[in-house]
């Protein structure tokens, strides 16, 4: 850890993960915000777009072409899929470390990535070197990574919920189910009819049952934990929350296990995973605005069915907060620096 | 009243006023839905876009150019501003009566209209013949109108609230205030960032304080009721409702008046205006899905300040329901036909 | 079917199922509302409590002791659990048919009922004669029933989703999962902290994972359909909707089956079950205010996992609407009479 | 300012202002939470009731009778009205400074207080010594106060909006209007039907038009600023927000004034009042979770009508945050210590 503050750049600061990075980084004690780029909004003060940042962020959006990103110690990509892979090689070459909040570097198998994301990958060799930024799984590798692929929101909630079970080898991995519910901010700050208040409000629906992009990402992770191919069913739902993911996980126990003890032991030293007492139910609002994942594990009616309940704030532990956590690890800062924001309840 | 069912066409059926017209007309006993046009969605079954209509509406959207609108008895325009004025003359010429739910024919003064709507008017002569479709004000004229300008949502709630006071001449017309709050569906089914769930949800704001397009429409109406120029301040707000407008009106009494009696007398024979008992507060949900305007009038602390509370469902009495009410009047049907939908509460 | 209108009584009209019964029955062409009782609110006009009913319901709440329930043709109990069983015998004895919207007569096994509901049952003999009022399952028996146990909200959505699969015997009945999400009105119109807007709003949580009262009711139904004991896991969740239940069902196919055809055939003649096209996702709002259950069936990634999505309005098909449907069947009225309310969207 | 941390007690920590105090104080660098009392919940860990505080607050609720409040440097009362006045004298006598978040000490005229709050006041002499804790008005007096009456939520938003105008004497003080809208958390964490999600959700209504307890509090403040009796109309509304107040203020200009300059000058040195650029509209979410009041001032259509828009988070600047701000002033800490929480948007 050095005394010098980190110079931090953000590419694509106009979406929800962008403004969330700014919320967290603007009061991070070891960070100097150096550049925030946006092609469309160059010249606009950031706080004019996000008045919540008035008094905290004085920067203007700058044109990516004219920005000083290469002077940064670390650059976050808060861009749509397919952007980071165009610009990462150049930044890495200049010694800038990169954290991508999009999906460009998450999936190791390039054909799989190309199938689900519908484009050719620009730099498969970098995918190979990228570290999947789930600290509770990959902390050591993140420490020295030049390029971190920040996990998706659903994948964070689902993988943290299954991890203790799969690592311990106590469940049937051929039939894992994740019934996940997300707030609408997960769809991003994009003008789309289905995300309108009058469409998504007072409404609940599943979507993407035939296949969602987070399915291969989660499958890859679960396979790694199980050390074998898994059978995985993933059903995402849209729920009228602004923020929050609730993943309800189902699997069958194959070996009698004290589940509460298993989970508590696995996460005993994890600042940002909180295993709740037996018999309780985590609420999404209990992590609103914070980097914490809260988990409860149940075995209803003493059957062999395990039900895991896992909640995160999709914009924090599911995106910007986890990215800052990764940055802290990469630069040898205290892992929780700038992340001790008490959840906002109610 | 004839036994023959009315043939009804809708131009622009893909927005919220369109689907609301379909909800009401699909079970209207004297209506046959004949054509629903949409340039963008021609060929799509209406119920594929709005599954709520499955089993009630079998029509497909048709291309306006190929539609049979001129066979209709009446055509509703549920289009953006500036469309109806392009097509109305031809329909009228064929004997089709027209009800425009947009603003094209609401404002008599053409320069005023052109200033607020930012375009040249295509048919000022038709504006002169159009009847402003507020039945409680203009019932007789609506009966024989060939072209009805259906009022805006805010203008309906505000004018019904001020009408008894202005007609009776008991308040200071130089300083009328309408502090109005609308649900987000008032912005239409348009993909715009400020209407996203994650933007408009759990949020409240004023907008258009410098000037909103409903200001000249309301001013014109209030001036007519007062029979003199009025001073009018209008502040609209966006509130996290799907449906509903609540207008809170302020003015000063110039003559001692039994306000409760005044309002009850004025609306005694109006099926769709409900004057609430003294001392009560109407809720927007008490009219959800229905064509009713509920009004309460207060004189707090026995001062000379009058506070009127007026609620409507912006998509029903503020748009589609009032349009159907106008249709019923125009075709000599019972005014409430098809409109006896009990409000949905909760 | 007779020309005479049915005289209808409602016991406990102050909750959400009560006001919903009133919304539907007040415009039902063959019904005369005869009595609405409430111990606490006797003497209060119903429309003072529920202003949405102004102009539709003129009755006052009456004291149960002084009411004329025994003059009714049918009495609905919209009361907390444990009330109907105290009063039903007397009404039946007078020839009044009874529809209980609470749980008193739903579970045939008395010890099971007493365990889950925490009280002794007052009339086990009547439970034996009661017909479980799921018309799609029990229509013939409902026709002649004197006493109908109207199903719970979750049980309706879940059973209609599993029914075609279980009756056809094509899935593994040892491991059935229902991940169900309910709007907050499901908790009733009771002053409880966890149902406050500031508690349930912008929040999502599971509850009752260890055991929910609808579990034995659903298990009983699924067992009947499967004609053998089933393994059933039920996880209910609270979601910030006012109305609506979305049940996501998981099971494993044991026999290659055209699921879409199976569901369409099973519900071909059911007015109130709508099987959606393949690949679609029902939204809760597409049934808002209506008695329809919409269902889609998926087999993601062509695995052997079946995912059924089933939505209802918990207050209509999940309570009051289904009760009216049962009444129509019992009295030989058209099954959809008074129930053709187009869903309110948006 | 001393190095020693302040020992802080909270009476009544189970409501929303209580949990909000805990959110802010648990990470305040100069505070040690010493006691949190609750008669009903004694023995319960605070974080069991509010899981958002897990990891931040280790205290249990203690019985007021057995608590060590008199060892504290300062005690906050987050209790219903009428409690603080019973206990304050004893604490003051022991040298404990008191900040009351309820209304017991806000109104100087005892008969007025007794009329609006419906009880006899227990200690009129203490009311005389209490300082009204609006820092932007009373900073100097707060510094030395032993007893601070923390303002109500509406009064904070309304008074900060009118203050520059009244102090400058540029508006007609005989006709001041505040049309105010509050989120539901303003009603507190009390089990009441009208605050249920299914009642307050998707609904908007005025309430208390005949008279609300915040009316005399605001009138007192406005009179002080205007140095003469004012005519004031106050209409509060309930809006489906969790947090947030939006006050829309109306008055007439009596003297040509550069309103933007007036407001900017008045609040130039105020950390927690942010005057927005001309022509803008503050959103409640732009202050969500923060102690900031954002204000915009308009003069629509260049008339003499002034419209002020003022937003706060009712639980922060409208309650707990302002209380902490007062504590900081009283104990010579930096006024913003512990209060630099970036608003949570979206």
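First chain written, first letter: the chains are A, B, C and D, and each begins at residue 1.
Operating definition for what follows: contacts are C-beta pairs under 8 Å (C-beta built on N, C-alpha and C of every residue); 3 or more make two chains touch, one makes a residue touch a chain.
What you are looking at is a predicted structure, and each value in this text was computed from that prediction instead of being measured.
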Check: Out of C-D and B-D, which chain pair has the most contact pairs?
Finding: B-D
Next item on the list: Determine, among C-D, B-C or A-C, the equivalent of interface A-B; equivalence here requires over half of the contact pairs to be the same by residue number.
Entry: C-D
Next item on the list: Determine, using the mean of C-alpha atoms as each chain's centre, which chain is farthest from subunit B.
Entry: A
Note to self: From the mean C-alpha coordinate of subunit B to that of subunit D, what's the distance rounded to whole Å?
What the structure shows: 39
Next item on the list: Could you tell me the distance, in whole angstrom, between the mean C-alpha positions of subunit A and subunit D?
Entry: 36
Checklist line | Distance from subunit D to subunit C - Cα centre to Cα centre, in angstrom | finding: 45
Next item on the list: Would you please write down the residue numbers of subunit D that are in contact with two or more other chains?
Entry: 16, 183, 185, 189, 198-199, 201-202, 240, 242-243, 282-283, 285, 288, 346
Next item on the list: Would you mind writing out the residues of subunit C in touch with subunit D in their complex?
Entry: 16, 183-185, 187, 189-193, 195-202, 240, 242
Item checked: Residues of subunit A that touch subunit C when the two form their complex -> 175, 177, 179, 181, 183, 198-199, 201-207, 209-211, 231, 233-235, 237, 239-244, 246, 248, 250, 252, 279, 281-285, 288, 298, 300-301, 303, 305, 307, 309, 311, 346
Margin query: Please output the residues of subunit C touching subunit B within their complex, sorted ascending.
Written below: 16, 19, 23, 26-27, 50-56, 185, 189, 201-202, 242-243, 274, 276, 282-283, 285-290, 292, 294, 315, 340-346
